[in-house]
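Below are two complexes that have chain A in common, paired first with chain B and then with chain C.
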Partner chain A sequence: MNISRRQFIKSAAAQSAVAAAAVLFPGVSFGAWKNLDPSSGGIEWKKTPCRFCGTGCGLLVGVSENRAVAVKGDPNCSVNKGLCCVKGYHSIQILYGKDRVTEALVRKNGKLVEVPIEEALDLVAEKMKETIKDYGKDAVAIYGSGQWSIPDGYAASKLFKGCIGTNNVEANARLCMASAVTGFLTSFGLDEPMGCYDDIDHADIFITWGNNMAEMHPVLFSRMLANRQSKRHVKIIDFATRTTRTSQAADKSILFRPQTDLAVANAICHEIIRNDWVNWDFVTNHVSFHKGKTNIGYGTEDHFKFTDKEETVDFESYKEFLQDYTPEKVEKISGVPAKDIKYMASLYGDPDKKITSFWCMGMNQHTRGTWINNLVYNIHLLVGKISTPGNSPFSLTGQPSACGTVREVGTLTHKLPHGVVMNEKDRELAAKIWTVPVENIDPKPTYHTVEMFRALDRGDIRFMWVQVTNPMVTMPNLNRYRNGAQKDGRFMVVSEIYPTPTYDVADVVLPSALWVEREGFFGNSERRTQHNEQIIPTPGNTMCNTWQLIEVARRLGYEKQFPWSRETYIEDIWNEYTQFHDNPKHRMAPYNELKARSGIQWPFIDGLETKWRYNPKYDPAAESDSFDFYGKPDHRAWIWLRPYEPAAESPDGEYPFWLNTGRVLEHWHTGSMTRRVPILHKAVPESYVEINPDDAANLGITNGSKVKVSSRRGSVVMKASINGRGRPPKGMVFVPFFDESYLINEVTLDAFCPISKQPDYKKCAVKLERV
Partner chain B sequence: MEKSKHKVDQKVGKVFLVFVGICIVALPFIVLAAFSFEPQETETTVLDPQSLDFDQNGKAIFENYDLISKDYLEGTSTERTLSEYYSRRQYPGSPPFIPHKVEEADLAPIECLACHARGGWTEELKRHTPITPHPEQVACRQCHVAMTEAKLFVDNNWMSVAPPRLGRAALPGAPPPIPHELQTRGNCIACHVGPGTVATIRVEHPSRGNCRQCHVPEISVQPFERKIKS
Partner chain C sequence: MPVFSYLAYPKQGAREQLINDLAALDYCEVAPAQNEEILILVTDTPDEKKEKVLQKKLRKLKSLESLAMTFGHTDE
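== the complex of A and B ==
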């Protein structure tokens, strides 16, 4: 049927007259959207990191007439190289929801009423003073998030830890990546990944550990698919508890029973040693072996305390320990066929294959989250596949600045911007930079997130300021914590952009400027710091979260510590904050460089980013010929002997199903932003419960019919989804948590990893009833 | 007659002999090549979205053009209008939503591309299928989502710029500039040729192939001004 161009040109000539007529409709507007004035001066493109997940895609936002009007991927950003996901492409629509909070509100006679923002800030400061006077400094708390811009978290830490002197600073990232942090600290002594996203282009094998990347980190997943398309031998193995879009796109999908990833990881190591696939050169020179406490509990009771006790052991003890984890024994625990375990071990063990493991909430929201992080590092360390291009155990994050603000600034109860409150030297450094007396900084951590909300319920905390997060949707065992927040004598300040269930319990609502309405910084999963300038005006009386904190700090008498001007405060804070990291292991890029470029990875040494840490070829801080795991005093990476222990609550006769919760591609976290984006809401308008078809048939449940999901703590009635996007195995149900109309966290359990204090949202026992 | 037939047979025989000879000589090479295959382990260039634009990948786009059938090149349906085209977008250039029913199926990406990689008539929807300008991106539903609900959660005060004006040639008969962004849309043929496209933006001379020879992107609307050094 093909014809030459020359032939065709002749035949086309006749048609051209007709077609030419068709292009004579200039200036006609067709869009589904409301048009700006057509005489406007075109679009100007401004760079910013995306507002949503921890991938940290670079976006170019088109601005016209002081409004954000279009998005394209930033081709200069090495994260996404010009591609976004559906959330990113429509991200700017979160700025324009009709119910945007633009004025301050104060609860008067039970109702939130508009007040001038100055009056609201006065009241916040007044209440803080009063609470500290009546109940002590540890009765006031701030709860932020991994969506805090870096200056927000820094100002919060300085005000609460440095000035007021309480360690009541936490962030929702505790619910999101605390196990990743403790995993890094226990295995390597320093937080955050050794590798970077370039590993995706170099690896031959990808193993996703309980990680539905196709929906949660779609841009990175596409980069993986692009690698596989260009190199025939590349394979993706999905190791998960439920079948998802990631499983469908993978070369092999392996399902395991919830919590048994611990046993499988140990079995993989058992196989690597049995087959002598160990990289002895690496292990002898760069690894040491360690043991901690076992049978460590689940933290479901108030005032739960746990401290691990480390004991150094040798390789023989490790080998002995692994005898309980032969593939055959683990098959019985995990339901994973021994041959599949051996297959995964052979992939890790093959010296010619570069392997990258990805994980996110599946391993972090786990009552043994620190352990499973350790165990996956163990695998990579045994075969020496780490800190080189393509060889990468990679912990992904879910929020745009979980790394930047929470982990690097240290907005957790035990942390300081550099080091921990327990360490005298770290306190001295902080006091010096903050210009506060060193006695101000309390050497004792107070409450981690779950315990902080328990303290609010008990009355130990009386005043809580929540910024950029929605705990009244996200706290596990939610009924208890919502009741606690609404008790008499509790004062809740909420900095928000839209009405949410957390806004509903507020005594004061402060209207916040959002994302590109203010200047700031995010830090993504691969140690990349990303600057955004303010590219559109702040609407109404909204105020940047950092500036809200500065205003309150000044009202509390800390003018000296918060002296910055409104024009330059973000730059000034950056210059002050980076003094904490002024060392070869963590140095941050200077303000002007960050402003000019689409993100820069730290350590940033002599004008160069560090792509692979601990490897002297790429990392100037590594002082050795081969590798230098300088985070630990012995300059080695630590392999941990961590056993399999069961979940806090498993299905039984009365509650026979596992409940697993998570996200969907279209919505981000509690949906307070994405549900206001027309196309995202229309795609997934409400939450649902995914049920295995066999279970549904047994219970007489059909697709779309109403089901009651209940646990010992609460219940939700919602629609069933059978053979939908995700397909749980028999005995498991899955519920996305974005929908405030179906609060699945009233059903979940507030058990957590005793080391990281991160709750497990992936495992509790429920029953199902047809409604 | 007999003689000439004999000659022809001889000729055929010679050609055949030469062919067999070549095969025998080539065989060891083929066998050796087959056994010496080793997967490339490293440093293969991974296609990234940037390299899919005409500037980096123009040759491939141009050659791809030769595979298009005459029927398709001549296709002139009027099924699609510009207003329908923009009704599926939130701003000029946003990824359009999926306007038809889709199953949450196994291997979803391949299913989308079964129709949207090459186009064609679909009996089910009684329409010509439009072609994606970026078939190398296989995770289609990373950006394109189907609508399952008509109502909004909360209204949105969204506004954007007007779609680009058509027919903007600088002189009568001159080639008009490209009025839209080209990122992930560098393959002109996909949206401007064939029966699956919008009639008003279909080109009348698709066979010329090298579109960017005459049509250039309009990056700035400001006229040139000399900066005078003082």
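== the complex of A and C ==
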């Protein structure tokens, strides 16, 4: 059968509708629908992971005459089983925006002008050399993202940490999941979830902690709904600060005041102990108790330093600590009725119910982000509901390779591909694999993301290379950092695909190949590594980000460390990188296996994936008869005594509203790609401020009218949305950050969790004025 | 040449009427769910002008409760 491109698009349209119907009505059947199967007719299907959120859906991209013409879900990918969300179905259109950057640009006399890419690469290398000579190695930095393909991050780490010898390597994942990492490390000693998405099929109860999965992880949410549809006893509880589409689909919606999730989590544990729902066998054999520092600050000042101090305590100390968190006391702090706290405790405490907790930015973008991660683990550990199918504390990640690249390769200032720069053995391993003198690798971390941009503003950093991210939209307290990037004596290199506010501050723009225009790997939220081959040609003079780094590295004299050919460099990098993880706790699948399959979970041992870590039934690295939390020296998971502490900035008489920021279903992060897809743009054409109807009435604000949202740092004027898709409680407003025309991060506060250094984009104080 | 797909919700008791109404319109293909009160509508109009005319006709259908767009392609 030969079919036209048009029939093909119609088929994709029909499949999109079927998928959307399946989300809303699990089990819905369209048996009579004629099958417009476009599997033949000169169109070739190639697998790739989706390049938007951290779910890691498998896609099949249809290619005709070197052009991506259609998308469908990959039925062989266990993540999405053939489903896609609206972004996935429109994903190939991000490749073909009219203003795609396809040539290198250099700023001359204040204007960006096209130059041959070789000239731009020469200039980047020359400026790096000059900056290092004049200001030292720690004056150059690279800032990437969780959308970096694994080889991008690996090449960046090797060049900056191994060759140049600076730890000025950070990624926007610091803004996205750093608290999840420090939560895992402090509770389990190893990063990333113990469970997997199969937990969704096994759980009886789901609790979403500040996590609007219906919009942010819609395919996983549809799997939850399908489970509930097939088993009547399954329940979804949405525990959040605002009412969302997730709340509307949940069996119960419970709202809490911002920051008080800390108190509620402790109150749930208080109730579990009071009712003797503790799994004593599990706790006695697999858990230890610890406390750290309190009143730990918020990092709003330059050069802020914090180091936690751990102290081992016993169960009785923990029980005594929880006396401050009776449901009745916590009701006063959180606004959550004591009966609802007791209800949630009873769900966790019921030995016959399997329970999965999901969270993402609500818990991670939090000035006590590490603590709230610890506290949710505490709940699961007290009742022993962990590392078994359906029992899972599950930290979802936001970006397609925040786990695969930033967390596993380690593109953060303190990290190496295996371990941390502070550890001598880890430095020795890295030096050996990288063929550099061990003295090259500096044992001292430099700047986390917020401090890196402060250093740029101060002039401690003079050269910054930004790849695959848009910090001139996403940095909190943005005015300071945009001004810093534009100061005299700063040199900004931006690898980009479209003009953005970050492109606007660039001295050099390198045109990047995007997604399926180059070969690469992503790693999703459930430890799944996914390979994509280059499916279509690169447009114009665009170049893969990895190859840009290799070109500059060679110009800096590191030919020996970057010897690979253009034909095989991705495979060669994979083979070098995986030497770092060649152990039973983290072994990665070989290149050919990844190329053939729709993703493989690590640890990959003897040809088998590991679905549940720390449980010897599923994890070959677990050496005990029962659970083995082998990340910690005592082989136990750690329960932490972490108190409730208030937010860095709370509403007051002058600024009486909480500001909460986030995303919408249709747009990816700063919208630089999805706003160029006409249909997605039309669906949500501009940002807005959600206001509670009572607050709006009190201020005389009507739906669609202009409102000025101001904080102590900045202001933005935008349209009001009242009773839209989200509804904040009285005293809170919500603004999505996808629209560069309304820079809400000029309003937000650059306070962060002192342990993870992740900023809190969910809480600061603002006022509203009708315009 | 716009192509769109929608989930179409009929007014109460008007499922069969909506199927007939949509099937009677040019550039429309309709597929009813077998086990839910919901239909899939795929539209394929030759140009923006005809798309606007079709949108007006859809808005006037008395058997239609609402449309939720699930996919869109234009040649922009």
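Operating definition for what follows: the second predicted complex is superposed on the first by the 730 of 771 C-alpha atoms of A that agree within 3 Å, B and C clash if a C-alpha of one lies under 4 Å from a C-alpha of the other, contacts with A are read in each partner's own complex, and residues count from 1 in each chain.
We adopt the following convention: contacts are C-beta pairs under 8 Å (C-beta built on N, C-alpha and C of every residue); 3 or more make two chains touch, one makes a residue touch a chain.
A quick note: this is a predicted structure, and the numbers were derived from the prediction, not measured.
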Chain B versus chain C as contact partner of A:V716, first or second or both or neither: neither
Dominant contact partner of chain A by residue count, chain C or chain B: B
Partner chain(s) touched by A:A226 [first = chain B, second = chain C, both, neither]: first
Touching partner for A:K72 - first (chain B), second (chain C), both, neither: first
First, second, both or neither for A:V86, with chain B first and chain C second: both
First (chain B), second (chain C), both or neither touched by A:P678: both
Touching partner for A:V509 - first (chain B), second (chain C), both, neither: neither
First (chain B), second (chain C), both or neither touched by A:A765: neither
On chain A, the residue positions that both chain B and chain C contact, one per complex: 9, 12, 16, 18-20, 24-25, 27-34, 86, 89-90, 678-679, 682-683
Residues of chain A that touch chain B when the two form their complex: 1-3, 5, 8-9, 11-12, 15-16, 18-20, 22-36, 38, 40-43, 62, 64, 67, 69-73, 75, 80-86, 89-90, 93, 96-99, 201-202, 204, 214, 218-219, 221-223, 225-227, 229-233, 245, 248-249, 352, 354, 390, 498, 665-666, 675-685, 723-725
Chain A-touching residues of chain C, taken from the complex the two chains share: 1, 3-7, 29, 31-36, 38, 40-42, 44, 68-74, 76
For the chain B and chain A complex, residues of the former touching the latter: 39-42, 44-50, 66-71, 73-74, 76, 81-83, 85-95, 97, 104, 106-109, 136-139, 141-163, 165-168, 176, 181, 183-184, 199-209, 220-221
Sites on chain A touched by chain C in the complex: 6, 9-10, 12-14, 16-21, 24-25, 27-34, 86, 89-90, 678-679, 682-683
